[in-house]
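As structure tokens, here come the structures.
Same chain, two partners: subunit A is paired with subunit B first, then with subunit C.
Our next item is the complex of A and B:
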């Protein structure tokens, strides 16, 4: 009896200790991640904003492809429409930033819902084709519509005074990212998440279980569009000017690939991979031009294509050797951090 | 307007040629081959470096280009397609998109992102058709498309073609009667790469070409052409290609020139694709197998 109590107490103490250790570790990791924001100045604040925006886009694609099993090769359309809607609200209507972001989110959601409604009548591979063609059409038609987007010159999206500093804006982006992460977590751990998993695994079986498959797929499209539009709104205010050429279709392809590299349905993996690919085009040219020895085939034009090249190499490696992406590689660590205590 | 229709027919011939390769891979493997355009890109750039940079005769360039395309097709089959055979088709599609982007990046790394001019197969001023100037190269393109579509349709009637279809329908059962899935896979990707290479070699001299020229502007209309034709029909790919070309150019004429809508060509293709998928998803000439 006494031994049993003592063992129990020791396990409890160990558990407490383990919990404290894990919490400390997470806080330490977050603190390390926050270092560039605190000491990196405006350059790193801008980069962190970009990373957060990319992470929101990655989570948006993760909602559609990871949770619902639907593919979209035209995500630049949703992000772009969100960006132009936010810029339009800010510069033409003079509304505060919150309204612009809301307008971007609603515009992205509405577009995705309309595309989803049409696209859900086709399945699988055809969906990829429809979204790809829609993205191209949005890029060349909607984004060049002069009254809405300002044509080639672009639409301006000034920041309000309180967010004019890059660090304040980075905090806003991180805040929105936290919201989207929370929404994703809630989505997965509720009935809707389980229904989406059923739809993803086998639509026909899901239907026989009484799940409204079309409704859930449409909801996934709308949610994905909402997050994409929100990211677009943030992008508009981050860059302070939006142009059609910011949303070429190669960009959308890179987004899909980075989400797969991060690992579908792995929040941490998607965020890390998205941040990595957001920073790559900004830091790689500096890094390479700072090297003591310049390889002969490298020059300014080549820097431009290196990031997609690296994405693709990583994608092919990931698909070939660990299909779960970064999330799969990190799983032992994350499992220990989240529920190591209660086995 | 007549000029736009004439231009559309010949522009459509390129889409048809790509669509033939897309249909071949879809019939045999049930995969959407997003790398089809880059087989042509590789062929065109190899031929350019052989003919223009090294000054070799034209036929060497053609042979080298086609060989490079086939080598790429077989490599893609071995390195990407076969290991991912058991994955979902979405993953395979993402991987093939990756192959296309990878190839474009390699071409840019090796050969700078500058526009190039490839000499045409036959020199000449061309002829005037309904007010549009048509190059001899484009006439050859249309003729080659007709021949290849017919040849591929005939191929699926031969024993070898039937073996490909059998393997596509039930790999295990086909294996039991002696049809090797690996051999079929190699054959299909090699043929698809050859078709893509021919498309690239014939289309590159029509205008100037840049890295990714086959994927960035040609691939979506080519897929629309394949879908319009029914995704499994080779005559359908021929008809669909030319129809998409005409619709695209009519879109440029009616929407772009008359109504000043930006991006009229893409809008026309997207609208037609949606119409086909919503009203007649089996396409014009599509049926099973």
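Our next item is the complex of A and C:
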């Protein structure tokens, strides 16, 4: 009896200690992640904003591809329309930044809902083609609509005074990212998440359980568009000018790939991979050209086209060795951090 | 027989190209009954289930459920009226755990909107806890508590089958449609299933329509039986009468050898008519339907 009590007491102490240890570790990791923001100056503040915007886009694609099992190769259209809508609201209408972001989100959502209605009739490869065609069409039509996008010079999206500093703006981006992460967490923890899992795996089973499969697929498209439009709005104000060439097909492809590399349905994996791919083109060329020894035939111009190759190599590695992406690799660590030794 | 008609099917016809899968099929299921739907392989039993749940769109005929015409409703709206079903090749989502599967089945009575859940509104947390508690109760009723946190895809066939049944019940249905609930079960398990089904009927007042090949189970629990052959109703009646019906024996014994016997109305071979007094042979093995192989 006494031994049992002692054992229980020890387990309890270990649990308490384990919890304290885990909380400390999470805080320490967050603190390390915050270092560049605190000490990196404006350069790193800008980079962090970009990483956060990419992460929101990654989570947007994750909603569609990871949760609902639908693919979109036209995400540059949703993000782009969100960005132009935000810029239009800010510069032409002179509305405050919040309205611009809301306009971007609504515009992205509406566009995605329309594409979703068409896309509901096709699946798999054909869905990929429909979204691809939509994205390319949007590039040549909507993004060239001079009154809306400002033509070649682009549309301006000035920041208000309070957000004119890069650090303040980075905090805004991180705040929005936190909201999106929260929504994603609640989504998968409640009935919508289970319904989407059923829709993704077997629509017939889902329907016989009373789940409106069409409605959920459309909702996933709309939600994905909403997050994409929001990210677009942030991008507009981050860059302070939006041009059609910011939203070309290649960038949409990178977004899809980074989500897969991060791991579908893994929030942490998607965020990390998105941040990595957001920063790679900014940091890698400078880093390589700054090295003391330069290999023959290579120069800075070559370094600038390296990131897409790295993306492809990483995709191949992921597909071959860990289909669950970065999230799968990190799962033992994240499971321990969130739940301790218990299941 | 004066019970209310819960399900009424009138003149159901289903064609796939030139193949007449269901031909002018009519049947009635009264409230609180266990009704069997039997027939040789390819008789159209599962197709009939798919028409009733709205997965197939029949070319003709109407389906009334609970007094209302549901012929044109999509599957999920029929499910919300109280039609639940299990599947021959299992209606569980392999990627989810048993608990998650049961909670998935509670979808329509979650009591909050998907948007409220996503925004994390206060009431949804409480409802989620309640749903989890309800799910645990259902899981315990079916004896699945040891595997509650295992992924359904990693469990043996028999357990997944039980999970499928638990899910159908978790939708809180008026009528339960079971597609071969005893396939893959041992004789003892099949008998236990009979007890469960009667308990569901008597204690939860459920109406059950089931496709089944396991003859002792049908004879044991069914109040009424419809026999399907080549998409048409061959005969109907109480199980005792059906067991001795000459056309049924002919369809089961001669169905494969003499397809004409069913399609032109069934001329009954005399030899078959004075065949075994007990049930005819079970026409097919329990694993002949392309189901994933598994152990019960």
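The rule is short, and it goes like this: the second predicted complex is superposed on the first by the 338 of 343 C-alpha atoms of A that agree within 3 Å, B and C clash if a C-alpha of one lies under 4 Å from a C-alpha of the other, contacts with A are read in each partner's own complex, and residues count from 1 in each chain.
The rule is simple: a contact is a pair of C-beta atoms (placed from the backbone, for glycine too) under 8 Å apart; a residue touches a chain by one contact, two chains touch by 3 or more.
This structure is a prediction, so every number in the text was calculated from the model and none was measured.
Engineer: Between subunit B (first) and subunit C (second), which, if any, makes contact with A:208: first, second, both or neither?
Structural biologist: The answer is second: A:208 touches subunit C but not subunit B.
Engineer: Going by the contact rule set out at the top, does A:129 touch subunit B (first), subunit C (second), both, or neither?
Structural biologist: first
Engineer: In the superposed arrangement, which partner chain does A:43 touch: subunit B (first), subunit C (second), both, or neither?
Structural biologist: So A:43 meets neither subunit B nor subunit C here.
Engineer: In the overlay, answer first, second, both or neither for which of subunit B and subunit C A:162 touches.
Structural biologist: neither
Engineer: Contact-wise, after the overlay, does A:93 reach subunit B, subunit C, both or neither (first, second, both, neither)?
Structural biologist: Neither partner.
Engineer: In the three-chain superposition, say which chain, subunit B or subunit C, touches more residues of subunit A.
Structural biologist: Result: the larger residue contact count on subunit A belongs to B.
Engineer: In their complex, what parts of subunit C are in touch with subunit A?
Structural biologist: For this pair, the touching residues of subunit C are 53-55, 74-76, 79-80, 83-85, 87, 91-96, 100, 103-108, 110, 112, 114, 117-120, 124, 128, 149, 167, 171.
Engineer: Residue numbers of subunit B touching subunit A in their complex, please.
Structural biologist: 31-32, 79-80, 83-84, 87, 89-91, 93-95, 97-99, 101-102, 104-106, 108-110, 112-113, 216, 220, 223-224, 227, 261-267, 269-270, 273-274, 277-278, 281
Engineer: Report the residues of subunit A in contact with subunit C in the complex, numbered from low to high.
Structural biologist: Against subunit C, subunit A makes touches at 182-183, 186-187, 189-192, 194-195, 197-198, 201-202, 204-213, 216, 219, 343.
Engineer: In the complex formed with subunit B, which residues of subunit A make contact?
Structural biologist: Listed in rising order, the residues are 65, 69, 71, 73, 118, 121-122, 124-126, 128-130, 132-134, 136-137, 139-141, 144-145, 249-250, 253-254, 256-257, 260, 297, 301-302, 304-306, 308-309, 311-313, 315-316, 319-320, 323.
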